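Right after this note come the structures.
Both complexes below contain chain A, partnered by chain B and then by chain C.
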Partner chain A sequence: MKVFLPAALRIVLLVLLVAFIVYPGWFEPLFKPLTENNAPAIYNQGSLLSLTLQHLGTVAVATIAAIVVAISLAILVTRPFGAEFLPLSRSLVNIGQTFPPVAVLALAVPAVGFGEKPTLIALFLYGLLPIFENALTGLTTLPANVVEAARGAGMTNRQKLLRVELPLSLPVILAGIRLSVVISLATATIGSTVAAKTLGEVIIAGLISNNLAFVVQGGLIVAGLAVFIYDGLMALERVAARRMGQTVS
Partner chain B sequence: MIEIENITKRYDKQTVVNDVSMVVEPRTIAAIVGTSGSGKTTLLRMINRLVEPTSGTIKLDGVDNHSLPDYELRRSIGYAIQGHGLFPHRTVAQNIATVPLLLGWDRERIDERVDELLKLFQLDPADFGPRYPHELSGGQQQRVGVARALAAKPNVLLMDEPFGALDPIIRTKAQEDLLAIQKHFGTTIILVTHDMEEAVHLGHKIAVMDGGKLVQYARPAEILAKPASSFVETLVGSSERPFRLLSLGRVGDAVEKGSAEGEAIPADASQRDALAELLWTGKPALPVKDTDGKALGRVTVDGLVKLAARPA
Partner chain C sequence: MAIRFDKLGVVIAAIAAYAAFLAPFATFRANRIVPGEGRLILDALPAVSGPLLLALVVVAIVVALLKTPLAWRLVVSVVLLVALALAIGMAGGFLTPPGNTFARVSPASGFWLLIFAFTLLLADVLTRLELSPFVRLAVLLIAAVAVGMLLASGAWDSLSILKEYANRADTFWAEARKHVTLALGSLLAAVVVGLPLGILCHRVEALRAGVLNVLNIIQTIPSIALFGMLIGPLGWVALHVPGASAIGIRGIGTAPAFVALFLYSLLPVVANTVVGLAGVPKAANEAARGMGMTDWQRLSGVEFPLAFPVILTGIRIVLVQNIGLATIAALIGGGGFGVFVFQGVGQTAMDLVLLGAVPTVALAFAAGIVLDAIIELTATARRKEAVA
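Showing the complex of A and B:
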């Protein structure tokens, strides 16, 4: 029962979410009370499915770029030759985080124009910090005798990194990616203010036409996606950690 | 054979290992004993170049250990450390296969070797091979740590306090296992420990280090009988000396003619154990039998007490 209930709940919610994205018309009666003056209850200026896919695509591209850059940076500054760059890279990544995404959008638009690009830049900068910080924590808190054993066994620095250090830091790095993805999912909605195709369009359309039903729809889909992706990555983390006899709270 | 010649290691102005020279004969165990900060671990780590010496050379079977890249050198030398240092994300079998894999052995040969080692350490390959280190007891983890160090059949095995984290009972068992395995493979072992008892029990020769210097390097009996300095004497522990001396000898060498009543003592038991048995049973003498159960004679308290006296 203990295992069954959460699993069943997840399946029901997932089915509801997918059904809503693919056949939003089925849910019209639910949203009708939120509209006024006979306004449409279901978003009618585009397909929710394609907006959802574009939203996820944008987040995926930005997150993968952030993962590659943040982990490379973390590896670099934890090697003996890169240790000098640790403070510099820390502050660079922190600056990325202190910039409000709206400000990044505003600055990026004149440089790269409207559309997908400024959103990708904002999401990328925003996603860096959690991944970098966690990768750094993971790589600097490895059990000393395990790393010593790797060296003693005759691994080259590269083998030590790939076969011992990275796999051992994997649960912590995954936690950073999870945070980053969830933040990006939410932040991507404001990309629609600069004409990126994301679920933000639905929310903004609702705000402009004073249609609460649109706002709720957009918000619900983004929230649902965030919950499921969070959940999935958490499960992945648990698997990675359990193999090593650790537990993830 | 390991030849250490005038090895010195300095960090800034602090000299950690100071002009140490010693030779470890092939197929023997050398125990390096000292307090913490005596430089014993640094000396050990310079053999497989986890630490680079400031000056001096170390030769393994006549070859300078700087004639190879450091990682290749380390693959040819077994290395076991305190708290085993097993890779927590790899199974027992994968852990043991670490060095053979780095050396590019083929799959079949690796599997064969892993099975052989697990059996040698009394771990069932089918049961323990696929387990993760955290699923083992402390003693089992330590055995896997030593098995991993021996996987690529190294001629030399370096051990840094390998039994430090074990409780006394498992520790004694692990020491016996090590002696058996050393005999089996003929490996040359250098073992760092702070425990003189362990050093006397395991070492063919004992190197005593103090403040970075090699104070005495001799056979256990000589260390016990003629400590080179008051430091060595303290380390030996004057109240333990006679018993440690007895622990070096076998009952078979203390047999006297005659017979005695009581349960027979095996000839390969240590004289110390025999004395303990005599004192405990309150008998002046006990019979001695060989491994086949044949009576050899008897061992007496008086005889053992004479053997425990300081050698002339």
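Showing the complex of A and C:
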């Protein structure tokens, strides 16, 4: 996935997105044509800013948990101690990705009840897979001569992991995190069907009251956030790759 | 001789021991929406079968824990999965008071954890056996037939999820048809449009970045919003384009769901077509040109067959993703298994949620296995041709 926008256009769009989230009232004339029967053009059942922050917060918590668990697991199964788990963990990742997010969300409700919790669980489990998969790819496809050189230089296993293996696989791991965040941003909206406070509330309010303006503004904010976060992480990846003397395609 | 433990076995044994002895095996509820009370294996099953199941679990734990031959582990995991499937049906019949039609018995955490533990064991054995694609398809078929026979035999009829099914048997199959039609139909449309578009993007470099960027941005729009946004345009088409409403195009319902799934499906199809065609070795193309092949012959005879496995991978992504996303269609009246999921969430009736979620997961899972096998078969066929 590549999103190339000239830098200037990008800044203008970012300013517009932030302005819309903070002062949605300014944009009312733009959304008015989408409403019928004098329905409100801007979401009026809560503040877009706090919903956006809650949305981002939920995604952040789930993603951070997923990063920690996924990378620890990937490190574990690529050490001699955990090598027995490697083939199984590969097939589990394959199987896990066939689980639809809605199903995970709905199935988490009986276990933990309505609200943020099922959303966090679904986002965590769903975000785990791309990161784990990429961390595994990164750690298992390191150039053999570099790893040998590290051993030859007298590094302990721990030093080898922290100073050679992890930094070298960082760009690939970051790519997995990027994928995971973009999926989570969109999936979090579905969380509102089980009463989580996310931007999905705006969209669902629009679907229920047949108000296209709500649906469009909820969708645009989420898509905008996804594009910018994607862009930012992509830049981070390029920096990480350049430090390692690699290039990101 | 020192006893050697299997590391995965330790994990499986811990889960299975907790699930069998401490966690509730089945939940009993006086009616479908009140909170339930858990029952352990010994309380949930009739006299002999409870201790028998526990004994089987203990044997399986020992086999999993020690370094045992793969064949033993295979037999043990299959036996346990079948025994659990039969036992949960028996628990349903045993716990439901005779003649009571309101009481609900559903599988509880202990049952699900035991299933998880022994599926893990089975998955590990199957992974280590490195089965060929045909054998994997056969295993899937056997599993599907076994579940079908259990359903047909009525062994599970006293379980809550099948009671929900019994109340909705006709709508269930209608929604199932809608779900499959949505997922497969949009995939078909995406292939018909996406393949030529991908070929065009491959040939005309100026188009490539633009088309892929637009498709990327579509992917970032959350599904419920995209479904909702299409209501307006399609409603307008239905009103103003003659004949459109006659073929079923409406603002709400199946049409916007179909179009949304189609739009989501385009990116993997187009992107994988471009990647697949770009990966065709230059030498193959040069040779084809040297033999005097026309552009069209080169595409259909050389480039396309070589790129086919990569394109199929894109189709696999789309199919699995569409089966999952089609559940969202229910929110805009598009039908599918999502109807049961969202009704169940609305009524806090979890059996109803399961009635929608279980077939969706099973369908996506089966689709993934079938397409993986096909991809492997085409890739190895290609390799054999290359060697010959």
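By definition in this document, the second predicted complex is superposed on the first by the 238 of 249 C-alpha atoms of A that agree within 3 Å, B and C clash if a C-alpha of one lies under 4 Å from a C-alpha of the other, contacts with A are read in each partner's own complex, and residues count from 1 in each chain.
Just so it is clear, contacts are C-beta pairs under 8 Å (C-beta built on N, C-alpha and C of every residue); 3 or more make two chains touch, one makes a residue touch a chain.
Just so you know, these numbers come straight off a predicted model, no measurement behind them.
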Using the superposition on chain A described above, determine whether A:Val164 touches chain B (first), chain C (second), both, or neither.
first
Per the contact definition in the header, classify A:Thr137: touching chain B only (first), chain C only (second), both, or neither.
neither
Determine, under the contact definition given at the top, whether A:Gly82 touches first (chain B), second (chain C), both, or neither.
second
Touched partner set for A:Arg151, first chain B, second chain C, both or neither:
first
On the A-aligned overlay, A:Gly218 touches which partner chain: chain B = first, chain C = second, or both, or neither?
second
One more residue to check, A:Pro100. First (chain B), second (chain C), both or neither?
second
Which partner chains sit in contact with A:Leu34 here, chain B, chain C, both or neither? Use first/second/both/neither.
second
With both structures placed on chain A, which of the two partners, chain B or chain C, ends up touching more residues of chain A?
C
Contact residues on chain A for chain C in the complex?
1-4, 34, 82, 84-85, 87-88, 90-92, 94-95, 97-103, 106-107, 109-111, 182, 185-187, 189-190, 193-194, 199-200, 203-204, 206-207, 212, 215-216, 218-220, 222-223, 226-227, 230
Residue ranges of chain C touching chain A (in the complex, touch as defined)
6-8, 109, 120, 123-124, 126-128, 209, 212-213, 216-217, 219-226, 228-229, 231-232, 267, 320, 323-325, 327-328, 331-332, 338, 341-342, 344-345, 350, 353-354, 356-357, 360-361, 364-365, 367-368, 372
Residues of chain A touching chain B in the complex:
143, 145-146, 148-156, 159, 164, 167-168, 170, 243-245
What residues on chain B touch chain A, complex-wise?
48, 50, 71-76, 79, 81-89, 98-99, 102, 132-135, 145, 148
